[in-house]
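First chain written, first letter: the chains are A, B, C, D and E, and each begins at residue 1.
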Amino acid sequence: MTHVPLGAFIAVSAMLFFIGCAGVLMRRNAVVILMCVELMLNAANLALVAFSRRLPAADERGSVFVTFVFVIAAAEVAVGLAIVLAAYRNRPSVDVDEARAMRG
Amino acid sequence: MFDLIEPIVFVLLSVALVGAGAAVVLLRRITSGALLMAFTFLCIAGMFVLLGAETIAAFQVLIYVGAITVLILYGVMFTPQSPRSYPLFFQRQTPLAAVFVALIAVPVVFIALSFRDGGPPASGGGDLVPLATSLFGPFAFPFEVASVLLLAAMIGAIALVKREDPLDDEFGEERL
Amino acid sequence: MNDLVAVLPEVTVTLTACVVIVADALQPRGRSRDWLSLLVVFGLVAAIFTGPFTPTAGRYFSGFVVVDTFTAFFRVLFLVLAILAALVAPGYLARRRVPAGEYYATICFSTLGAMTIVLATDLITLFVGLELMTIPIYILAGLQRHDRYSNEAALKYFLLGAFSSALLLYGFAWLYGISGTTEMAGIAAAIAKAGLANPASMVALALVTVGLGFKAAVVPFHQWTPDAYDGAPTPATAFMSVGPKAAAFAAILRVMVGGLDPLGVDWGNVFALLAAVTMTAGNVIALAQSNTKRMLAYSSIAHTGYILAAVAAHRAGGSAVAAVLFYVFAYGIMNLGAFACLLFVDSEGTRGPTLDELNGFARRAPGAALAFAVFLISLTGIPPTIGFIAKVFVIQPVLDSGMVWLAVVIALNAVLAAFYYLRVVVHMYMYETDAKMPPLVSPRLLSLSLGATALATIALGVLPNSLYSWALQAATPLLAR
Amino acid sequence: MEHILTLLIVIPLVGLLPLVVFGRDPRAAKQVAIITTFVELVASLVMLTLFRTGEAGFQLHESLSWLPSLGVRYELGVDGISVLLVPMTTLLTFISVLYSSGGAIKERVTEFMAAFLVLEVGMVGLFLALDLFLFYVFFELMLIPMYLIIGVWGGPRRVYATLKFVLFTLAGSLLMLVGIIAVYLASGEPGSRTLSLPELIAGRARFSADFQFWVFLAFALAFAIKMPMVPFHTWLPDAHVEAPTAGSIVLAGVLLKAGGYGFLRFALPLFPFGTQAWLPLLILLSVVAILYGAIVSTVQKDLKKLVAYSSVAHMGFVTLGIFVLNAQGGAGAVLQMLNHGIVTGALFLFVGIQYEKTHRRLIADLGGLANRWPLYTTFFGVFTLASLGLPGLNGFVGEFLVLVGAFKFSPPTGPGGLFWGPLAAIGVILAAVYLLWMFQRVMYGTLREAYRALPDLSRLEVACGLPLLILTVVLGVAPQPFIAMIQPSVDRAIALATDPLFTVTVLAR
Amino acid sequence: MNLVDLVWLIPAFPLAAFLVNGIFGRRWLGKATGPIASAAVAASAVLALGVFSQVAGGHAQTVVPLYEWIGVADFRVDVAALVDPLSATMLVVVTVVSLLVHVYSIGYMAHDHGLHRFFTWLPLFVFAMLVLVLADNYLLMFVGWEGVGLCSYLLIGFWFERPEPQGAAKKAFVMNRIGDWGFMIGMITTFLLFGTLNFTEVFERVGIAQQGVLTLICLAFFLGATGKSAQLPLYSWLPDAMEGPSPVSALIHAATMVTAGVYLVARSTPLFAAAGPALQVVGAVGALTAIFAATIALVQFDIKRVMAYSTVSQLGYMFLALGVGAPIAAMFHLFTHAFFKALLFLGSGSVIHGIDDVQDMRRMGGLRSKMPITYWTMVIAGGALAAIPPLAGFWSKDEILATAFLNGHTLLWLVGLVTGALTAFYVTRAIWLTFHGEPRDRHLFDHAHESPRIMTIPLLVLAVGSVLAGFVGVPPESGFIHRFLGPVTEAAGRATEQAPAVTSIIALAALSVVASVVGILIGLSMYARHHPDPAAVARAAGPYYRVLVNKYYVDELYDRRFVGLANAFAGASWAFDIHIIDGIVNRLGSLFGILGSGLRRAQTGLVGNYALSIVAGLLAVMIAYGGYAAGVFGR
C-alpha cells in the first residue's frame, strides 16, 4: 500500500512549529504563549517520531527522545504556570506587555 | 482503494492539525484555545499511530491531552483577564513578526519536503518493546536525570506558589 | 554498579539537594537557616572529592555517559561555582525572606543538570541536562516571589527560555533526521558526508546555533539577560550569570566542536561574527548603564563574546578549546565575585546599587571595596589577574587561526570595557559618600568567601600554569578523532 | 648577589606586608614606605656596582620557567640601556615617598604608600624584564597604582584626567599585547615557541617583512602613547596637572621612559624592517613634537601644564635620537631619558613644593618669590637651566648628542639630517624662551603680600632636592663614565636594527 | 716652573670664589664677598700675566688637557685648554679688566642689599669667560659662550623687582640663543665635515672641504657671533642691557663678553680665510653696524645708552677688520677698546653714582668741578674713543681703516671714516653735556660728589691703559702685537698684502685724524656755543631726527611685531591642541556614550520584542550559513 513520504510529515511538523512560533511572537497572554510553546514542542515530537520510524536506518531513538520531551514539557508547564501565578498574585495581569518594569 | 487510506487520513489530520493550531494562535477565548490545543495534541497522536508508533501515541494522549491540558486549563482559570477588544490580544509587533516568521517558514517547509523516505518501518509491529528496552537499558542515566528534573520542578513550583507567610494574604483567598 | 560509581559526584549532589530540602522542612519556621548553606557546601565539597574516586576516562551506561578530563574539569568548575553561590547567599536570603531550602536545593539541581551536559555523548542526554540546568534557574529567578522585579525576571526568562528550548529541540530533531543518530560522533560522521551545502543541515545548524547561543546570551539572543539578571535575587544572579553560561559553553563545545567539527570552517566564521557583535554590543550598552547590577549583566554579555571568539577559533585546535575552558573558569569566579560584592550594599526595595550609591564605598568598607576592585580589574583584563591571562589565552588561538581582525576587536573592546569597570572604581575610591546612603551589611561568611575568591583571582593570575595545563588536558577528548 | 634583580622586584612587595600590618597608623606607614624605598635604592646601587661596564650583552641574567604552555619565562637582566634607568627609578621613588611623607599627603596615607610600592615593582620590573610577556605584565602593572594615585589624591578634575590616562595607555598596550602574541606564534613551530628576547632576536629572521610592518606598528603605538609622541600626548598635561606631586614626579620621571625604553629594547632589535619602514614618519613626529611641544609650552598659564608640555618636547628628542639610528643619537637618547627623568622630576617636585606653600599654580598668581625664597630660587633656577639645555648641566649633553646624531642621519630617501637637525635645534632656542619666561614670571618681580610670611625650603625639601641637584651637575660636567656604561648596548641595539644583510634576507623571503 | 701647565688655575680661582660666595654669601659673608671675589680674580690676573709673559717669551702653543668630557664613537670632546698668543692676550684683557671692575664694584655696590648675589655671579662670569677663552675646541668654547650668556642674563636682571631689567635680561638671553642656534649648526656641521671639533685639528684639515660648505659653516658661526657681539640684526639687546649695574655694563657689555664674537671669528680665521664670501659678509655687516649704531648714538640722552651704542659701533669696527682680513687689527682694537670703553662705562657709572643714579644727561652739566678725577679720566677715554693720537684708540682704529683701504675695500674704509667722525661728535657731545656748561638740575648738582677712592683708582688705572695700550701696536704692521699674534693668523692671508708704503699709512692716519677733529669741532661748536643750536638742528632735521631718536624703530619691530606674531601663533597651536587633537578624543568618548544609550532603547522590556529579535537572529544566522555554504562570503 502507498506510503505517505517522510518529507510530508516533516513539512507538516514544520508548519505546526512555525504556527507556534508565530503565536509566541503575536499573543500577549502569558498562558497562551505557553500553549504556543507546547505546540512547537509537539511539532518537534512529530518530526522526531517520523524520523525514527521512516529513516533508512530506523531506530527507536527518536521515540525515546520524544518520551523525554514529554517529561520535560510537563516540568516546564508546571514551573511556567507557577511563575505566572506568582506574578499574577503581585500584579493581577498575565499580559506580558505590562511586565516591563525593567528595560534599557 | 484501501491503499489510499493512509494518505487520506494523513491529509485530514494535517488539515485539522494546522487549522486547530492556527485557531489557538488567533482565537480570542482562551479556554477554547486550550481545548483546541488539546485537539491538536490528539491529531499528533493520530499521526503517531499513522507512523506506527502506538506506544508514543498512547503517552501522547495520557500526558498531553491529559495532564498538560488540564494544568493549562487550571492556569487559565486562575488568571482571569478583564475583557478587552480583540486587537489587544495581540502585540504591537504582530505584522512584523508575521513577516519574519513567513520569511523563515516558507523555505524551511520546502526544505523539509526534501527528506528522503526510508520505506516502511523495518521492524513491523509495535514500538513498545524497543522503546522500553532502550529506556531502561542505555538511557537509564538520562531517565534518572529526568526524574530528578520532575522533582526539581515540583519543589520549585511549590516554592513559587505556596503561601506560608502573611504577605501572601493580601492577595485574595477567593482566588485559590 | 560501576556505572553508578562513575557518576558518584552527580549522585552526591542529588543527595545533598534532598537532604537540604528535608533539613529545611524539619527546621521550625522563623529559625535561622544560615547553617543550611554550610550543609550544602559540605555536600558539594564532598562531591568534588568523590571525583577522583570515579574510574578514570571511559564510557558508562553502555556508552551513553562519558567520563573524561573534559568532564572532570567542568564538574569541578560547576561545583566550585555552586559552593560560592551557597556561601554568599545566607544573609540576603534571610533579609529578603527568600525560601532558603528551596534556594539551595534548586542550585544543586541546576548544577546537576550542568554536570549532566558534560557527561552527555548524545543529544538526548544533553538536552535533558540542559533543561535540568535551565528550569531550576527559572525558579531561582522568581524565588523572591513578593518582589515584582523578581516575578518579571522569572516570567521573561521562562517564556524566552522555553521558546529557545523549542527552537533547540527542533534543531536537534533535524540533526537526527539528517544523521539518523543522536550520538555526537555519529552526527559528526553523517554531517561530514552531507556538508552544509545540504540545506537541511543548514537549517538544523542555524536552529542549534540559536538555541545554544540563547543559553550563553549571544547577541542578538541576549535580551533576556539584563532583565533576568537584574530582577533575580542578587545571589541567584551571581550564580546564574556564571553556572548556566559555563554549562552553555560546555554544550556548545560538545555539540559544535565535538559533533560538528567537520563543518568547522562554515560555522567558525559565523561564530566569529557573532562573537564580535556580542562583545561590542555588550560593552557599548554597558557604558550607558547607571545601575551597577545591570551594568555587570551587560558586561557578562561582553564576556560571552570573548569566549565565543575562542570557540570560533577552534581551528587552532587544543589551544582554542583550552582557552574556552580557562576563560569560562576565570569568568566564573571573577564575575560571581563581582555580583556578590553588590550584596554589601543591599537596601530593601532596590534591585542593586546604582553607581552613586557606591560613592565612598572604599571608606565605608575597605576590604569589600578592595575585593570588588580586584574583580573589576580582573574583568577588565589587567595583570596580574586571572582575567588578563584568560584574555591572552583567548587572543592566542584567535590569532593562530588567522582571525587578526577579531583579535583587534577584542583588544579595542577591552579598552571600552575598562572605561565602565574603572568608573565603578572611581565611584568607590574617588568620590566621597554623602548622607542617606543605604546601610552596609557585612556577613562574615560573605566577606571571607569573597576575600578568598579575590585572592584566587590574583593567585591564578600570577601562577596560571597548572590551571591552563589542566584545561589543555581537558580539551584533548574533544579533539580525539 | 646573583639574584640581585629578583631582589629588586621583591623588596617593595616585602614592604607591603608591614604596611598592611601597621596600616592603621599613618606615621608607621610612612616610615615603612621610606625604609623600603631606601633599601630598594641601596639595592639598585649595589646592582650598579655589580654591572660590568663595557659589555654589550645582558648581565646579572636570571631565567625561570613561568608559563611553559605559552613559552613565557621569568627572565631578567640588565644592559647599558637599562642599568642607569633602574637607579633613577628607585631614587625618584624614594624622593617621592620621602616628600609625600612630609605632609603633602594628608589622608589615606597607608593606601598611598601601598600604591607607590606596587608602582615601584612595576617600574623596576619594566626595566629588568627580558621576556616580552613579563615586560607587558610590568608595563600594565604600573597602570592601576598610577590610576589610583592620580584619581584619589589628585586635583579637582582628577577623575577625568586619570580615566583619560588609563584609557589612552590601554588603547595602545592592548594592541601591543596582540602584537606580542603574534610574535609568540611567529617565533617558531608549536612547542619551540618563545617570548624570551634573546632567543627571539636570535630567530628574528622568521619574521616576514609585512609581519614586521604590522607588529612594529602595534608596538610603536603603545610606546608612542606612553612617551607620549604628538599627536597622542593630550593625556599628559591633564594627568600632570591633576596628579599629586609625587605622582607627577614618577609619571614624568619614569613612566614616560617606558616608551623610549621599549622602542630601544624591543621594537628596534626585533623588527629591523618594521623600523626602517616606519622611520620617516617617526622622525617627522619626533621633530614635530620638539617644536610643537615647545611652542605650546610658551602660552601655558598653568605651571604644571607648562612643564608637562615641555616634557613632550624633550621626549621628542628621545625618539629623534632613537630613530636616527646612529651611535650619537642612541646614546644621546638614553642620556636624555636619564636627564629628563632627573630634571623634570625635580621640576615637578619643586612646583609641587611651591604649590603646597602658596596653593597657586597659575603663573599669573605668582611672582617675586626670589625675594623670600633664595634657596628655592636657586634649586628651581638650576633645574630650569638644566631643562633648557645649558651646557655644563646634564640637559645639554643628551640633547646635543641627539642633535649630532640627527645631523648625521642620512636616510636612503627623503630629507636627511641637514634638514631635520637645524629644525630640531630650534627647539633648544624655544626651550630658552618659555622656560626663562616662566622662571621670570614666577621668581622675579614684586612679591605678593600673601606670600610674605611663607617659609623657604624646609630641611626635608632640601634633602629631596639635593641629590637631584648634584646629579644634574655631575651628569653635565662629567658624563663620560655614564656614557661608557650605555654605549656598547646602544650600539648593539642599533646594529641589530640596521643590519643590512638581515633586511635583505627578510625582503628576499 | 712652567705656569702654562697651571693655566687651569686661572678659571679655578673665580670658580672657587663663586662657590664660596654662593654657598656662604647670604648667611655669613655679606660684605666680605666683594674682597673675596676680587682677591680670587686678582690671583688669576697675576697668573694670567705670568702665562702671558711665558707665551710672549716664545713658549710654544700648548694644549693642557684636563679630562675627557664626552666621547661617543667618533665624537670625542675633551676638556682641554689651548694656550697660544691669542688666548693669552684674551686672558690678560679679561682678568685685568675684571679685576679692576671687581674692585670698583666693591664701592659701587656697597649699599645694595643684593651685594652677595652680585659678587657670586660676577666671578662666575669671569670663570665662564675664561673657559670660553681657553677652550681648545668649539664645544667647550660653547660651554663658556653659554655661561657668559647666562651670567649676563643674571646680571642684567640683577634688580629683578623692576620690570625693565627682566625684559632686558630675557631679551638678551633669547637673542643670544638665536645666535647660538647658528653656533650649534656651525659646530655640528664642522664635526660632520672634519670629524672633530678640536681647533688645531680642524684647521689642519681645512683643505679637505670645498668652499661652498665652508662658507655655510662660517656664516653659521658668524650668526652666533652677531648674537654675542650685538651686530645687525641681533644688536638690540645690548642697549637694553644697560638696565644692569654699570660695572656689569663695563665688564660684560663693553670689555669682555661682547667681544667673544670677535674672538670666535678670530679663532676661526683659517676657516674664514678659506671661505671667501663669508669674510665679505662679515666685513659688510661690521661696517653697516658701525655706522648704524653711531648714528643712533648721536641723539641719545641716556649717558649709558650712548656708550652702549658706541660699543655696538666699535664692535662693528672689529668685524670690519676681520672682514677685510685683518684679524690682528681686530684683536688690537679689541684690546684697546677693552680699556677705554670699560673706562667710559665705569666713568659714567661714577657720575651716576655721584648724582644718585640719574642717567639722563639733560639733568647733568657742569659736573667737572664736582668730580675732577672722573672728568679727566673720561676725557682721556673719550679721546681714545674718538681716536685722537696718541691715545690707544687711534692706533688700533687707524690700523683697521688703513688695512681696509690697502686691501682695496674702499667703501668699507669710507664708512669707517665717516663713522669715526660721528664717533668723535657724539663722544664730545656726551662729555660736554655731562661735565661742562651750566648745571641743568641745581638740586642734583648740589648733592653731586666725587666717588670714593676704591672706585677712582680703577678709573685711573684704566686711564693709564687707555693711553698706553695703543703702543703694543706701534709701529703699525710690525708692532709687538703683530709679531705676537702673527703666527696665529697667518692663514688670514696677510701675504696678499704687499708691505705697505709708510707714506700711504701716514696719509690715511692723517685723514682719519682729520675726520675725528672735525667731529669734535662740530660737537663743541654746537654744544659749547650753540652755533648751530642743537634744538634748531633737531627741528631742521625733523623726520630724520625722529627716526634716529626712535632707533630706526627696530625695537618696536622686534618687541611688538615679532613677539606679537609668535604669541599669536603659539596661542593658535594651543587652541589646535585643545579643540582638534583633544577634541577628537573627547568626541570619540561621547560618541560611544550616545551609541550606548541608543542601543539601550532596543532593550524595550517587552518579551515579544525579545522573541522577535531571536527570530530575526535566526533568519540572519540561516542567511549567513547559506552564504558561507554557497561561498558568497568566501570561506
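FYI, contacts are C-beta pairs under 8 Å (C-beta built on N, C-alpha and C of every residue); 3 or more make two chains touch, one makes a residue touch a chain.
This structure is a prediction, so every number in the text was calculated from the model and none was measured.
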Can you list every chain in contact with both chain A and chain E?
B, C
Which chain's C-alpha centroid is most distant from that of chain E?
B
Average the C-alpha coordinates of each chain, average all protein C-alpha coordinates together, and give the chain whose average is closest to the overall one.
D
Specify the chain pair with the maximum number of C-beta contact pairs.
A-B
Using mean C-alpha positions as chain centres, tell me how far chain B is from chain C in Å, no decimals.
31
Whole-Å distance, chain A centre to chain B centre, using C-alpha means?
6
Using mean CA coordinates as chain centres, what's the chain B-chain E distance in Å?
103
Using Cα averages as centroids, what's the distance between chain B and chain D in whole Å?
70
Please set out, as single numbers or ranges, the residues of chain C touching at least two other chains.
124, 128, 131, 135, 138-139, 142, 145-146, 154-156, 159, 163, 167, 177, 199, 203, 226-227, 419
At which residue positions does chain E touch at least two other chains?
600, 603, 605-609, 611-612, 615-616, 618, 622
What are the residue numbers in chain A that touch two or more other chains?
10, 20-21, 24-26, 28, 30, 33-34, 50-52, 55-57, 59, 61, 64, 68, 72, 75-76, 79, 82-84, 86, 89-90, 96-97, 99-103
Every pair of chains that touch: which are they?
A-B, A-C, A-E, B-C, B-E, C-D, C-E, D-E
Hey, which residues of chain A end up touching chain E in the complex?
21, 24-26, 28, 33, 96-97, 99-104
Would you tell me which residues of chain E are touching chain D in their complex?
26, 67-75, 139, 142-143, 146-147, 150, 153, 157, 160-161, 163, 166, 169-170, 173-174, 177-178, 180-181, 184-185, 188-189, 191-192, 566-567, 569-571, 573-574, 577, 581-582, 585
Using the touch definition up top, name the residues of chain E that touch chain B in the complex.
606, 608-609, 612, 615-616, 618-619, 622
Okay, in this complex, where on chain C does chain D touch?
377, 381-384, 388, 391-393, 395-396, 399-400, 404, 407-408, 410-412, 414-415, 418-419, 422-423, 425-426, 429-430, 464-465, 468-469, 472
List the residues on chain B that touch chain C in their complex, please.
107-108, 111-112, 114-115, 137-142, 145-146, 148-149, 151-153, 155-157, 159-160, 164-165, 167-168
